[in-house]
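Presented below are the structures under discussion, each in the form of structure tokens.
Next, two complexes with subunit A in common: one pairs it with subunit B, the other with subunit C.
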Partner chain A sequence: MVLELEHVSHLVGGQTHLYDIDLKLVPGAINVLLGPTQAGKTTLMRIMAGLDRPTSGRVRVDGKDVTGVGVRERNLAMVYQQFINYPAMSVFDNIASPLRLQRVAAAEIRRRVHEVAAKLHIDHLLDKRPGELSGGQQQRCALARALVKRASLVLLDEPLVNLDYKLREELRTELAALFADGQTTVVYATTEPQEALLLGGHTALVHGGRVLQHGETLAVYSTPASVDAAVVFNDPPMNLLPARFGDNGRLQLPFGVEVTLARDGLPAGECRIGIRPSQLRLAPVSGKAITVSCVLELAELSGSETYLHLNTRHGDTHLVAQLQGVHALALGSAVDVHIEPDELFVFGEDAQLASAPPGVIHGVH
Partner chain B sequence: MSKPVNQKALLLIVPMFVCVAFSAIMPLMTVVNYSVQDIISPTQHVFVGTEWFRMILNDPDLQDALVRQLVFSLCVLLIEIPLGVALALAMPAAGWRASATLVVVAMPLLIPWNVVGTVWQIFGRSDIGLGGYVLTQLGIDYNYTAHTRDAWLTVLVMDVWHWTPLVALLAYAGLRAIPDAFYQAAEIDGASRFAVFRYIELPKMRGVLMIAVLLRFMDSFMIYTEPFVLTGGGPGNATTFLSQYLTQKAVGQFDLGPAAAFSLIYFLIILLFCFILYNWMQRLGQGDGHA
Partner chain C sequence: MRKSRVLPRAITLTLYVLFTLLPLYWMLAMSLRTNEETLGAFSFLPMAPTLDNYRVIFTDPSWYWGYLNSISYVLINTVLSVLVALPAAYAFSRYRFLGDKHLFFWLLTNRMTPPAVFLLPFFQLYSSIGLMDTYWAVALAHMVFNVPLAVWILEGFMSGVSREIDETAYIDGYSFPAFFIRIFLPLIKAGVGVTAFFCFMFSWVELLLARTLTSVNAKPIAAVMTRTVSAAGMDWGVLAAAGVLTLVPGALVIWFVRHYIAKGFAMGRV
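After this line comes the complex of A and B, so read on.
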């Protein structure tokens, strides 16, 4: 199923929640809506579902205009952050409920409920009521209710947020596998960049009611179209520094270092530089590395990683470095970090991407 | 090996014991004391065993009052609970309209009970009361001081007017606690309005409705002030409920022994019914946890 939004804007109580959105979902794939809370992800989903009618713009399904067509006439399913099940019904009846409303035959219902329950590993819980289940099992039940309909569009609105870390990982992997057959167009809203990367597929960055960028998840991650896109899709946040290109064409960094970038399409004058925290290293990788001497302000240990909050000695610029493993460094001590010029993102004065690193380094370190 | 004994724990429990003793156990024991003795004078009393209990249970006036009371409480529950839920469903969910409606609905709850009685006493009169006047003009022979049926209905309508708002407020609170996503999910499923009520709203309101049923049962079973002001228990004994019967015995005739015996029976009846109601409703919605 191909779902398209054309110039969709939405106002609620005089406030604009969505600005002129053009978005074409990739059929049969996972489409991640990534953005901070209040970005407009849920509003966007409600419009896709037909729960709300956009103030202006069109919604098309397979080319047909469905703007204003109610949710009951659409073939879709939705799963929410809260675990939504009918509290007084057993798990079986919960999963069966959408089929009963569609007047599917009883034998067929039984077969499909058991099939989907087995897929989600809740087939032993069919007689229980949702209140007797754990959070993870309740969400599995809600997912089963969504899947059993075999809807061509499944909307998942931060479905894993209320689960603990372990369950979230487990269910995320299963989700990706469940939709791997390419039969269903999935929209998955999340606030976590990691989640988008783990799910793969395609990602639309949503920020302040606008779609900043839309494309294959890895492509969006490796070439953020703007400063805002880089901010939305990086956790820990990308280091963003003011810089300028001098008359000699060399890049002048705020901590008193000049470097030549061997790339085309570089802007002139003021610009902004982006460096991922994982690309600030304690040891240089190539001979071209820039060395920046800093003072350690704060070190955060997260088990397998160490985050260093640094202030450069020259220029007093704040940098965050993400290191593998545990590094026991004394606060206030001197730390030299190394930056590879080939890994720098260059944003122009208009905050749009001017130049991505030539040999883009994929993945999360 | 002997365990060390910490006597300090006793100090923490004793104040509670003293409080409960003074507030509940000792007054209750006084009643128990009266119920098994014949007090002839302050210095003279005779132990009579269960005589008062036998006497009171065989009193046809009490049997009538008990039946009247049960029918009344049943009517109160059957009318006020559905009406309160319907009211809550009809109330606006948010905005100034919600606040305004809440205030208007809650108004009867703020009126003292004897004032409620007085209000309805005047309202129901056909010479100066609006309600009575209108009914009379409509050709209905309405007179709550003379007709048993009219008196009875007036007391019932008065209670419904006075206490349905409590049920409505409780149900309203229950409804507002349901996340919006439940309604959306039902809409996506294509569920009907009735299905939403039956499978989402009602189960989610079970907790508050249980409280409403218990409160309304207990209160209506102990009703005293309003009928006392409105009808004084009449005409005849038509609106004499258990509390009024008890007051007549204890204060009117000063039969302390039978009155004490009846107080205990009254107390046990309420306890028994609450126990039955509570268990029944628990079983009714078994497993309806917080989903």
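After this line comes the complex of A and C, so read on.
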């Protein structure tokens, strides 16, 4: 199924939640809506589902205008961030309820409920009430109810946020596998860039009620179209530094370093440089690496990774470095970090991407 | 330290229970005595306990019909109030519309009016349309007070159910009535119980409207009780027995909804 939003905007009480959005979901794939909270992801999903009517614009399914068509007439399923089940029914009845409403034969219902419950590992809980289950099991029940319908569109609104870390990883992997057959168009809203990358598929970056960029997840990640897009799709945030191209064509970095970038399409004059925290290293990779001497202000340990908050000795610029493993460095000590010029993102004065690191995947829609 | 705090507490509580229960006990004791004993010398326990007073009530139609009348209009009132209040409370809980808050408050102000204010209009209206002295007369009159209360309580319980459940049901394909009856009502059954209890209680104890709007066929028990002073004097024992029996339905209802009421208090709506 092909779902298209055309010039969709949404106002609630005089406040604009969505500004003129054009979005065409990729059929049979996972479409991730990635953006911070309040970006408009949920509003966008509610319009796709037909729960809300857009203030202006059209929603099309397979070319047919379905704007204002009620949610009951749409063939879709939705899972919320909260674990929404029917508390008064058993898990079996919860999962069976959409099928019963479609007047599917009882034997067929039994078969399909058991099949989907087995896939989600809740087949031993079918006689319980949702209230007796753990959070992860409750969300599995909600997912099972969404899947059992075999709807052509499944909307998942941050379905894993309220689960603990381990369960989230487990369920995320299972979800990606469940939809791998390409039969279902999935929309998956999340605030976490990591999650978008793990799910793969396509990603639309949503920010401040606008879709910043839409394309294959990896392509969007490696070539963020603007500073905003880079901010939304990087956690920890990308280091963004003011810089300029001198008359000699060399890039002048704020900590008093000049470097030549061997690329086409570079702007002239003022620009902004983006460096991913994981690309600030303690040891150089190539002979072209720029060395920046810094003072360590703060070191955060997250077990497998260390975040260093650094201030450059020259130019007073704040940098964040993400290092693999545990690094025991004393606060206030001198740290030299190395930057590969070929890994720099260059954004023009208009905050649009001027040049991405060469050798990345292209194909942004 | 601990002991010195426990003792005063025990004494206070004992006194409190004693003062609360003494009138109830005295009524029960009176209902088990003959009139001669009641008017005779003081004694704390009935000297010759008898069930004659209760026998009078259960055999004399003018007595037991009082109970049947009361129960009839109270049940009609309770069922109607809850049925009418359910959709209204759902609307107040789920939809925003022009003046919704004012309308909600206006409903409550109905509850603040003394019943006597409505006495004359009800009397005149019911007389002219032939509703006087029927169960419906009293049941409808009591709804003026019970529907706002029911809407208020139910709205609190409904707002405690997340809106996403409604939407999930619509996405699953439930029609509104099917959703309301099969999904939503089971979730607020505690609220329905509490609401029914309060409607029952108000209607059961209200005397002014019930007595004025009825004369013979629908006369409530409370009105029967006030008319027992006969030429032979006051029948103390029967009156006390009637009083005890009046408490029974209320006590039964409270027993059934006691857990729900605690929940209602916790939600700040009771």
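In this section, the second predicted complex is superposed on the first by the 359 of 365 C-alpha atoms of A that agree within 3 Å, B and C clash if a C-alpha of one lies under 4 Å from a C-alpha of the other, contacts with A are read in each partner's own complex, and residues count from 1 in each chain.
Here is the rule we use: a contact is a pair of C-beta atoms (placed from the backbone, for glycine too) under 8 Å apart; a residue touches a chain by one contact, two chains touch by 3 or more.
Please read all numbers here as calculations on a predicted model, not as lab measurements.
S.K.: Determine, for the superposed arrangement built on subunit A, whether subunit B and subunit C clash or fit.
M.R.: clash
S.K.: Give one of first, second, both or neither to describe whether A:Gly131 is in contact with subunit B, with subunit C, with both, or with none.
M.R.: Once the two structures are laid over each other on A, A:Gly131 reaches subunit B alone.
S.K.: Of the partners subunit B and subunit C, which touch A:Arg72 in the superposed model: first, second, both, neither?
M.R.: Both partners.
S.K.: Counting residues of subunit A in contact, which comes out ahead: subunit B or subunit C?
M.R.: Partner touching more subunit A residues in the overlay: B.
S.K.: What residues on subunit A does subunit C touch that subunit B touches too?
M.R.: Shared contact residues on subunit A: 49, 51, 71-72, 76-78, 80, 82, 84, 86-88, 97-98, 101-102, 145.
S.K.: Within their complex, state which residues of subunit A touch subunit C.
M.R.: Against subunit C, the touching part of subunit A is residues 49, 51, 70-72, 74, 76-78, 80, 82, 84, 86-88, 97-98, 101-102, 142, 145, 149.
S.K.: Which subunit A residues qualify as touching subunit B in the complex?
M.R.: Residues 46, 49, 51, 71-72, 76-78, 80-89, 97-98, 101-102, 128-132, 138, 145 of subunit A touch subunit B in their complex.
S.K.: Enumerate the contact residues on subunit C facing subunit A in the complex.
M.R.: Within the complex, subunit C contacts subunit A at residues 162, 164-165, 167-175, 178, 183, 186-187.
S.K.: Could you pull out which subunit B residues touch subunit A in their complex?
M.R.: 179, 181-182, 184-185, 187-191, 199-200, 202-204, 285, 287-291
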